[in-house]
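Paired with subunit B in one complex and with subunit C in the other, subunit A is shared by the two complexes that follow.
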Partner chain A sequence: MELKEKIRKFIESNLVVFEDEAEFSDSDNIFEMGFVNSLFAMKLVNYIEEDFGIEVENDDLEISNFSSVNRITEYIESKKSA
Partner chain B sequence: MDNASQQKTIEEVKAFADQEIRPYAAEFEANEAIPRELIDKMAEKGYLAASFPQEFEGLGLDPVYYGLFTEEIGKACASTRALLTVHTSLVGETLLRWGNNELKKKWVLPMARGETIGAFALTEPEVGTDAKGVKTTYRKEGNKYIVNGSKKWITFGDVADFFLTVTTGEKGITTFIIERRMKGVKTTPIKGLLASKAAHIAEIQFDNVEVPAENMVGREGSGFTYIVSTALDNGRYSIAWAGIAIAQEALDLMITYSRKRSQFGKKIYQHQLIQGILGDCVTKLHAGRALCLRAGELRKINDNSAVIETTIAKYFTSKIAMEIATDAVQVHGGNGCYNKYPVERLFREAKILEIIEGTSQVQQEIISAYGLRAYFRPPKV
Partner chain C sequence: MTVTESKKEVKCVVWDLDYTIWNGTLAEGDNIQLKPGIKEVIRTLDSRGILHSIASKNNYDDAINKLKEFGLEEYFIYPEIHWNTKSGSLAAIRENINIGMDAILFIDDQPFEREEVKSVHPGITCLDAVEYKTMPDLPRLNPRFITEDSKRRRKMYQDDIKRKKEEDAFEGPSEEFLASLHMKFVIHEAKEEDLKRAEELTVRTNQLNATGKTYDYDELNAFRASGTHKLLVCELTDRYGSYGKIGLALIEIKAEYWHLRLLLMSCRVMARGVGTVVMSHIMQETKKAGKKLQADFKKTDRNRMMYVSYKFANFKEVSSDDEGHILFENDLTMIQPFPPYIDVKIL
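Showing the complex of A and B:
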């Protein structure tokens, strides 16, 4: 599965709104749209660390790194290539 | 650490609690303070760092054994267990997760040794459940931050050496380590509480406190999303086991009492209505323990469902702790309403668990949101 698709699936499985109410593009800020709750950010970090073998460090804790499908994908790709 | 070594630690902490804590729990409450000597003894044994890795001078207990450890202390005295909840779980584990290397070295090692005590400063006079609405402010001035505001109901706030403090400012919620010794920090103990009386609960004032930039935990604006969420998750796990502690202690006491006490010419456990109460309490306790153990196992492997399972465990065990403690008072009759019997204290302590680290109603909302997604069957087209 393509990285973006995996990320999207993970987000969709953690939405606090239902699928038919939650349309978002790869560049939409899912936090600002209110589609996820406060526990999601923690789960997302955990998911990135466990599934992609990346250590999310203190300095990476900018919400902008994790705010959309595109941003998360870019973050993972940049960490993997570092 | 292997399971046998961890189990040995649990046996040791049980003996410690039996000898050093349980016999004095009522006295601690009457004095409205757990004594510094007890904190020092716990630090000496590494108990204040039970869940920290050994490289940070911790005991290296995994989440399951740390839960069992919390239970042993919590059965003996809820206020002493509260020290573990804030110092070890909310603050220590959160700094270990999100502190940079300098912060960890500077703060976590002294915490493990008991040289400094940490508290978590989130709640405010006007802000409880709506934690994102904190009014304590920060503003940047050169290479430091100026913090103003007040916090309330801060467990161990009256004796802690530093506070992991949640503030709001230009970029959003941001967390800082604020030291008691900093100019402009003032704490006032809160008396007259229903329970947690010995847990040094205090109000804190921050009056133009200058905080160096290196004391920021996480990034500016990321405080709620990462630091507070992590801390509360750690706290909820601790409180889940605190519920088991109260439930187990209350059950032990009511079972023992029911086998000693006679009414109508027979032991009270021989009355079927008492058996009904006991049977329900045993069942609830076992169910709660199963949830805690499952959450612990999931935390051990860093599973993504650990957060929701921890929430479910916290919600359930705080509820059954209240129910079982209430039944324990009922089985004790008049004696249960008297502070010479520990069930009276357990009954009051149980109520706190339904409120701290997120009220039961907030847990219900979170669990409901999870269930609405997890258990939805899409209609077949």
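Showing the complex of A and C:
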């Protein structure tokens, strides 16, 4: 649970979400909501690498690994246990 | 490395003050005199689009007032005037302007300062202050073209400083601030008068550059006139003024594919989300034309952000080699809409 909260906080404070009412659930695809730009993408990758001590390989840079709070959490967990 | 050995164009000159720009030690109350011809050197380089900054051990207010008195203050952005190390000052300037150390020339009369800076930043170029008169003739301080964008470069950075100040002072969500900028992003096919700037962009852009390939004026003009290529130029303005022409894309039109040969975006606009806009535009147009989209990419030690951008725009690697060349393909099933805070015009 704690990991999810951290990810959600990061996304909320770094994504440019235009409308205040644009809430998203842990399973919502943040890419399809149209919020992701280059800078956010890079910040997200750096955040995962620095805060969780993971090296995100190019092969892992698939939208499917980063498309929602749930997916990012799963990705980090799988890397940590690997 | 001396000034002549490295080939990279100098984007910013960082000046010491005492015995470099002027004779005399300001903090000791000396009678300060500008070095002969120094104003012309600074103005000449400024008109070529080369930025100026300061790394000086002095009292900030005294030094700024002196520069104002000489009518020079407006030429310097992000001055570092304090008693800390100059290597630290250079690091701060580099970060604020967001360029590579290898694009900075540091000029100081004291060998100690030049060596201290060099020991921390080996990529930087240092110049002895006695040589200031030679600067306008140095090849690395002579950009191949001087474009409208280079002439107003300092003004654009100064606008940026104003924006940043307001952004920091802005209370409320950053998206509201972005909306308050009234950004207008224009994409159009390159005209002949855009080509100098287009070449300049291929030379100057490192971080948001898909291939790192440089093209000269004639090559770009040939693409423009070829009928088999589209050369797109992007321009961004907001209520503070124009950021100038900040993006370039070259697309080869093939039977089944549109092939993106080149995509780059100036790092000054990185925080504005416009890279995604031009990608989305190209994806939409490819889809409209009923084609598939491929893209060239070459990994460099600086362009990881661009790699991430491609991957997050749903490009998949089709093939790659040991030298970092990658061929991407996009099935165009997922195209991000334009951000609502940018008014996008396609001409």
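A few remarks follow.
Operating definition for what follows: the second predicted complex is superposed on the first by the 79 of 82 C-alpha atoms of A that agree within 3 Å, B and C clash if a C-alpha of one lies under 4 Å from a C-alpha of the other, contacts with A are read in each partner's own complex, and residues count from 1 in each chain.
Everything that follows uses one rule, which is that a residue touches a chain if its C-beta (ideal position, glycine included) is under 8 Å from a C-beta of that chain, and two chains touch if they have at least 3 such contacts.
These figures come from a predicted structure and were not determined experimentally.
When both complexes are overlaid on subunit A, subunit B and subunit C end up clashing with each other.
Of the two partner chains placed around the shared chain by superposition, neither subunit B nor subunit C is touched by A:Lys6.
By the touch criterion defined above, A:Lys79 reaches neither subunit B nor subunit C. Once the two complexes are overlaid on the shared chain, A:Glu32 sits against subunit C while remaining clear of subunit B. Once chain A of one complex is fitted onto chain A of the other, the partner contacts of A:Glu49 are limited to subunit B, with no touch recorded for subunit C.
In the superposition on chain A, the residues of subunit A touched by subunit B in one structure and by subunit C in the other are 16, 18, 31, 37-39, 41-42, 45, 58, 61-63. Of all residues in subunit A, only 16-20, 31-32, 34-42, 45, 58, 61-63, 66 touch subunit C in the complex they form. On the side of subunit A, the complex with subunit B involves touching residues 13-16, 18, 31, 37-39, 41-43, 45-47, 49-50, 57-59, 61-63. Only residues 98-100, 132, 218-219, 221-222, 224-226, 228-230, 233, 302, 304, 306-308, 311, 366, 369, 372-373, 376 of subunit B touch subunit A when the two sit together in their complex. Against subunit A, in their complex, subunit C makes its touches with residues 173-175, 178-179, 208, 265, 270-271, 273-276, 304-309, 311-312, 314, 334, 336-337, 339-341.
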